[in-house]
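Lettered A, B, C and D in written order, each chain numbered from 1.
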């Protein structure tokens, strides 16, 4: 019979792997726990809800576009730290941009997540660069892109419902 | 590229395996090619059709029971040499027997096919003993038993339709 | 490649060559682990700690080797063939049916229909029995803890027939509310379909009781045994149910195969399920007649090698013995419960005591999202599952969208519990503490 | 056991380690045979001569080893998992989908739905597309040479919907009567379901022509490719059909897996098939929404190892090359036709010339019943099939109940033709001559 509690053979390596430290940086956890611009946007001109097939988590992205540029951005929904941080950062970085410019940013961000290191020096990405660590965790890239997929759908026009969120 | 016609490596063993000679004895092939009592039995008191799940072949067995004993037996259907020979022999061996006695014979025959060598000296089985070779070919036992399964169904009373075949 | 792998797992090969030792009498954890080649794999520089057994178990050498022998020496299409390979393949296939029948607790192998898995077994019943027997106004009683595989097929049936689905409530402790069950059961109830063991909570439901009450109300019963069969809790004769569904890949067997057990009379009455080869007796252009059970329900070439492996898995478990498995898993369960209770911020769903549960543990860990937790543990080689576990309505019931789930099997070791707890501590550190 | 087997088949292992040699450029029959461990087996003291390939083919080491590696190193349940094994298993599974898509001739892997086999693929279409699209008065055009798997599902659909089945006649040479086809096609035709290659006769049907005429009449088309895919005749883009069904186990892959290819728009419109895990997007007690294609049609844990092997088989065939396979099989076909013509009392069904047929040969041999012939040949290690080959209506058409069938694959050798002919001579002797 086995003992209900035994010791593992050999000492356990207690150090946190650097890949994890790079993934879960303080900035990211901060956005996760205190997301910016999370809430309903009553005067949204564009809104869409998308779901992450990996986990079923859902994000709703709402934009108010005024005079050709994004005047306000908010999001709702729940998910992991990566998806929440990414959404939170998105709502800050797209302000003042046209939808086109926002899509360009989305393209860059996607490349960053797929390991394009050159983008680490692209200031347009701002704090989004702290999410570069996700590139080492391929199954989690969908998390980081969830809010951005919403943006892309909105940019394509297909998701715009022109009314309230 | 391969040659359209080549020779096999090494000489081919041309001798017929003894198991085959025992299986396809002349008596059996003779019953196959000249089945006895094959045809419609218009005055049948018992008749049933059964199918062999191995191959889909079908045998219809018809009996005329008079005064408690089998006065006439005929069969129809098609199948392999073993099933045809077995049916042909059945129609000969059960004559004059009561249904009960016929079922007893069926039991013996079944044991013979499952390898009970002692039955080789049982005269009641008669030429059915030439089918003992089937025991070496387990998948073919169903062939040898097809007509006998009809008999057993009739004996159980379930298959009797008391009228014409 | 095969040869290389064998050299690498030499101990495993040895273990497979002395089955009597691994089987039954003295339970030798090391010998048992050695039977499972994948357990000696490393992940991210750490020994694999595989705690995702409720999703799919691993296969022992006995099963791998049996399947390999089948493929290297015996493969041909089954049934109706005269040549040797076909006869051998058929015997291997039908022999496996006998082993799986024994595992399910029936003496009649014809009561076992091979399917792709538990999911297809439920779909088979919904489609064959359901479409023939269910109409508008009829009710099917399910529970709020059903796996999607024992829920969606009934939703689809309801869409086709207009029948109504009713759902037995789940208590805060994660057990079925049997009073609610009594309220729902009524003269319109035609079927009660209920899981034997919850794949998220580990709850072992009182299936005998559930079946008896259903029968008293005149309803048939389907028990989803996907999470029970691996632990040898399956005994259809004792449970008294009408249908029982389970999967090979959760009980040390291959993927792509499972079984529906059903009472012979039911199977005989039910119309066929899919059409094709093997399931017919006679085919004419104008119409066809059907083969006897179980073949009536097995259209087309089956998963022969999968079935052969499934049979070997059933024999492997039988050789280990249900008591030995239960006692080892019980010890693991006790130990895990003790340790998890000590961990700050960890909230366990489902039964908090040993009784009435298996060694499947779903939990929340502070505000660490289950997927983040799984990513972190994976860096230590620990495989847990994060998500809704195909139990979205149960998640809704708890007001959550996912849990972290660690599910143990008999080949897990107490040492792996330590590694898990250590991983949880590391996750707390990564997240700067858990609330 | 695995280790022993490997030692025994050492040449095979070597061959598997240098795929480039076996693949493409020079066709080395010995190296190719060495890839298939079962081909070095003996039956009744004779080397196995496996001529039952139309029923099921054998698996090469490449496939066996890929599956074994999967099971020993990568197995976990697919999709939605975060931990390493689950990610690897998912990649292996979805990678196989890409390989199978390439084999079918599509660039869109989402157009490939994995099923248990060709039979289930047809049933899927009959159930999902059929129940949603077909009503009383509609007609489905089939042919008299369909395998039961492409006939019975439509009979069952006709039973559910009241639609009518029409059957294209077969000429004495075993080809489709296209004039009859034209007569049957009409404005009520909703679907034409036709086999690409006949499993009994070897006839290669003019599928492009059949599809074009169906489309002109406004009907969709399903091509049963079970006997075409093994010979790399499958190219859905060129054929232009709407559905295409095939099986892994007939093309060097595992049993229990096959594929339905269908045009993306059709799959997207079609309602789900079975309900359960994997196929959902969101599940509520009251109702559910579905996953994107192809997952919408793959309920439950799939045959993961089977799919992985299927993908490897598709790559194996691609590496051999369709031209090399066609040229080797063409040579075998020529040689067999030449030899069979010389044999007294042998009556060949189906096309008597090379053109428009594969190397599948159904025949009668005097009054020697096909099962007796198979028993006799088996004593020489020769595996042929006797029976109706799931083609009862075609047998009825010829007024027979069964044939003997020898079906060749690319790993067969010319020497095996000699052995077969010799076996036939022996059978004549056993029967005291054939009429």
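One rule holds in what follows: a residue touches a chain if its C-beta (ideal position, glycine included) is under 8 Å from a C-beta of that chain, and two chains touch if they have at least 3 such contacts.
The structure presented is a predicted model; accordingly, all values stated were derived computationally and were not measured.
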### Task
Please determine the option from B-C, A-C or A-D whose contacts repeat those of B-D, over half of the contact pairs being identical by residue number.
A-C
### Between the pairs A-C and B-C, the one where more C-beta pairs touch
A-C
## Note on the structure
Whole-angstrom distance, CA centroid of chain A to CA centroid of chain C, is 36
### Approximate Å spacing (C-alpha centroids) for the pair chain C, chain D
30
### Query
If you average the CA atoms of chain B and of chain C, how far apart do the two points sit, in angstrom?
46
### Query
When the C-alpha atoms of chain A and chain D are each averaged to a single point, how far apart are the two points in Å?
46
### Task
Find every residue in chain C that makes contact with two or more other chains and list them.
44, 80-82, 282, 371, 375, 386-387, 392
## Note on the structure
Where chain B touches two or more other chains at once, the residues are 54-56, 139-140
### Summary
Counting only contacts in the complex, chain C reaches chain B at residues 80-82, 87, 281-282, 291-292
### Query
Mind pulling up the chain A residues that touch chain C in the complex?
1-9, 12-14, 16-17, 19-21, 23-24, 26, 29, 33, 54-57, 78-82, 137, 139-140, 143
### Query
For chain B, which residues count as touching chain C in their complex?
51, 53-56, 138-140
### Summary
Given the complex, residues on chain C that touch chain A span 27, 29, 44, 46, 327-328, 331-332, 334-335, 338-339, 367, 369-372, 375-376, 379-380, 386-388, 392, 401-402, 413-419, 422, 426, 429-432
### Sites on chain D touched by chain C in the complex
1-3, 5-7, 9, 13, 16-17, 37-38, 41, 43-44, 48, 50, 52, 55-56, 58-59, 61, 64-65, 68-69, 71-77, 80-86, 116-120, 122-123, 126-127, 144, 147-149, 151-156, 165, 167, 247, 249, 254-257, 272, 274-280, 282-285, 287-288, 299-306, 371, 374-375, 377-378, 381-387, 390, 392-393, 396
